[in-house]
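Here the chain labels run A, B, C and D in written order, and each chain numbers its own residues starting at 1.
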């Protein structure tokens, strides 16, 4: 007899009962056979090998079904590369706190999916071993959505706070207390965008007029006060990219034409340093370009994705080479010719196990060894639009 | 001054104000120029041309982002074929009430998207001209999900009620009052599946033991009583497909081996008629196969998708030909050789404008003229997995 | 025999299919590398008659507004509404046009004037997926919002879900 | 020069890319037409060592459980968990295994015995998308639930969202 009014709990018991009845029947008929266990779920090591990567598939053609894949980039085939997955709804952002050993997916849901309804923005917390949701913090439904920028979110005060850049188009940053897993409040950043953590408990935003705005937080995550830099770059004629190579307490921002603007972020008040060129005067046709055009490896070397056909409007076109720099000296140390045209850079690993990950123009992710730049393979993870790759190191 | 606490209404006004300020600035600078209007939304005719189709893209690889496209299958290119779209979340079902002139998408949402949360099942009602949501009815979160079957839902009592088949795995049918746009209740169908409307205010379900269960409703949509047929087919050795060609008050169900089981559904009590073969004894290698393997056109002719390599396990493989029948006589009248291997059938149009739509093995939708079967073109709508095509006629 | 042919056809179809979703230029655009010189195929009159009629002003026009090469798209990033049930300056049925946008300045090849183009997004339904197109002439980073096509401009709408992008001429650029 | 090469590469990549999502047999399976005779490529030992170890009983084994041709998959319909962070009989991290399933009877090519295979779905995360595989030996219509692979068997789980399918041997079939 069917009972459509049964409670979920009762139904669950009935279901389990039916399953075990069936198994019992099979087993009684075949006393010698030992069935395989049902219900086993895989887990991962709580400390990932430091060459693993998190591949963020933005799923540009189905934005509500983005994913962050946990991947071993040195494994030989799909089955061994693909370790697991976190869902990431509506062109989400991703952060990872190494000390807390947690993944954060900053994402957006609608009560009626892609046709709308009530919007809910959350910081979803994942445990690295189980890839299960270990918590979530609801934040104001204002987070910026669009193409991926790593500094759309940032870990402030070590890993105490997570800042989430909002754009409604009013500009602000939501502060989340990761210790207590609760929303603290919003910090206004009028005219300025993003969250670049600096000093003890501050973060810096990039302003449309070419200045920087630094917000200083109190110990509870509320705004103490703010300071603004002088004009540091020409936001119209030679703007800095949103993504910097950060090493030794300095954020090295490439500009559209191929200069580098170093910003010391080691102290509560930032210090803008002198620009230098990625290119010699003979190389000005080479310009940085792509999605994530600048990164560093565990040894502090800087990597920039370079396009030989640089010019107005090429800043998202990606590049044919990755140029390697001693950032502190402002000197190029190597050029890596890419096997496939590159669009976005990431690194992972430490020591001799360092790797460069390049999302290529065909939406594959290419793996190169560092420092030599030897091509290893193109990943086979099934990601449709893997715009960003994050190292586990 | 930024104001992050502004209310949505206020924010909307600010936004509108900024837009118009910008436009005003541009216009004042260029008095002679007339800007194009902003904010125009297209509409469709309330009565679609009867050769249009609704292409249901189940988006099998991103199930929360299914779509039902409104398509002109005779237009020459993508821009002119693609008329508009309704979203259809989580392997949804689709129905259309011609007299009420409404589309229905029976769909499922989760409060946290693909990672779960609270489930909500709804019947979403769309106006055909605006393709905007004109209403929704929340139903029990029990609707079956899986591969598409047209009789997973059905319009009962003309277009007064919509029945939605539930599987939890308890089996029942949710009854929705389309007149008052409200959920009425559930009808238990223990051991039996689906909603095949029959008679005045009844619907029939197919049972695992080879019988049919007919549920008779009261005028308010509640269950009056039910009746069950004798065993009508062999559910294990020669089961009927879930989809029938329905014409003249008779549902013609093909079986796996290629017989047809006619079931008279014109009266409150169904009548199972004698089986007949689609094939001659020399043709038994031809078997029906695919997703939607049987359909009829506006003139009442029956179409079956046929596979020359039929055998156990081929019932979803699709076919190379479509065979055409005078259903009442049980006689084949034509064979249409498909340009591309076919997987699922639909028809549209009336009179000389009748069309056969065949979802092909490459997930294109091929258009053929009826009755002759001349190939017209493969649609260019962008649908990823267009498993079902519904005629506007 | 049939099976192996099917495999070939599927491989081909998949290739064609993706190409349909994302015009090659569009895909390159999405992926960042621009292509120049792709031939622009004029629409047949019969096809044009079937399409939604854009709300055009008296701007001189040339080119096919369902291709990424069309002049108004010089700073667009997204799915062209012309391929999605809308037109170059109208939204598809059931969507909502964003009231705020980013702005490009594009040169009309007929009169050689620079026009101000407002790329209002259409919002409230899933991404259309057809005619992906990205061009970045005058595009600036996200911290310069009025010039940034990286932002999802479905703002001030009931839903932030992005469907497609229009290209509406709102002015003539002053040099 | 570069651009035209890029176009070729993209076309090829897209083709390869989709093939990766959906093994050709898998795609054919999804689309309904079975293929026979595709070669089964054995996994390299090093790759096997990297993979999650399935919880195997003492059933004699042969074949590659990341391909649709593997013997246990005779009535499966979905993404193979072996390609999704799980294994032939375990679910990927963070998913939940459905307690109720459909059942197939598959012939083991080593001992030629028929085994009862339970295709428990893994649920609660988006569809994995890798190694799509559909075979229908013994599959019956949806009104015969225990034998129907057309049903989304993420039932009795916290979420009905389908991620991938396992193939767990739970018995030997009695003739």
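The criterion applied here is as follows: a residue touches a chain if its C-beta (ideal position, glycine included) is under 8 Å from a C-beta of that chain, and two chains touch if they have at least 3 such contacts.
Nothing here was measured: the structure is a model prediction, and the numbers come from that model.
Engineer: Measuring centre to centre with C-alpha atoms, which chain is farthest from subunit B?
Structural biologist: Using the mean of the C-alpha atoms as each chain's centre, the farthest one from subunit B is A.
Engineer: Looking at B-C and A-C, which pair shares more C-beta contacts?
Structural biologist: The greater number of contacts lies at B-C.
Engineer: Just how far, in Å, is the C-alpha centre of subunit D from the one of subunit A?
Structural biologist: Chain centres of subunit A and subunit D, defined by C-alpha means, are spaced 30 Å apart.
Engineer: For subunit A versus subunit C, what separation do you get between their C-alpha means, in angstrom?
Structural biologist: 28
Engineer: Rounded to a whole Å, what is the gap between the Cα centroids of subunit A and subunit B?
Structural biologist: Chain centres of subunit A and subunit B, defined by C-alpha means, are spaced 40 Å apart.
Engineer: Show the residues in subunit D shared as contacts by 2 or more other chains, in ascending order.
Structural biologist: In subunit D, residues 6, 10, 12, 14, 17, 21, 28, 31, 33-34, 100, 125-126, 129, 155 touch at least two other chains, as defined above.
Engineer: Could you list the positions in subunit B whose residues touch two or more of the other chains?
Structural biologist: If we look for residues of subunit B contacting two or more partner chains, we find 11, 15, 61-62, 64-65, 87, 114-115, 117, 133, 168-169, 341, 361-363.
Engineer: Taking the touch rule as given, give the residues of subunit A at its contact with subunit B in the complex, in rising order.
Structural biologist: 1-4, 6, 11, 15, 59, 61-62, 64-65, 87, 89, 107, 109, 111-115, 117, 120, 122, 124, 133, 142, 166, 168-172, 186, 188-191
Engineer: Given the complex with subunit C, which residues does subunit A contribute to the contact?
Structural biologist: 60-64, 90-91, 108, 110, 114-117, 119, 144-147, 149, 167-169, 192-194, 205-208, 235-236, 239-242, 289-291, 312-318, 341, 343, 361-363, 385
Engineer: Under the stated contact criterion, what part of subunit D meets subunit A in this complex?
Structural biologist: Result: residues 2, 6, 9-10, 12-14, 17, 20-21, 43-44, 46-48, 50-52, 55-59, 66, 82-87, 89-97, 99-101, 103, 116, 118, 120, 122, 125-126, 128-131, 155-156, 168-172, 174 of subunit D touch subunit A.
Engineer: Of all residues in subunit B, which touch subunit C in the complex?
Structural biologist: Interface residues on subunit B, with respect to subunit C: 11-12, 15-16, 18-19, 22-23, 26-27, 29-30, 33-44, 65, 67, 70, 72, 75-80, 82-87, 126, 129-133, 309, 320, 340-341, 361-364, 380-382, 384.
Engineer: In the complex, go through subunit C and note every residue touching subunit A.
Structural biologist: 21, 28, 30-34, 77, 100, 124-127, 129, 134-145, 150-152, 154-155, 158-162
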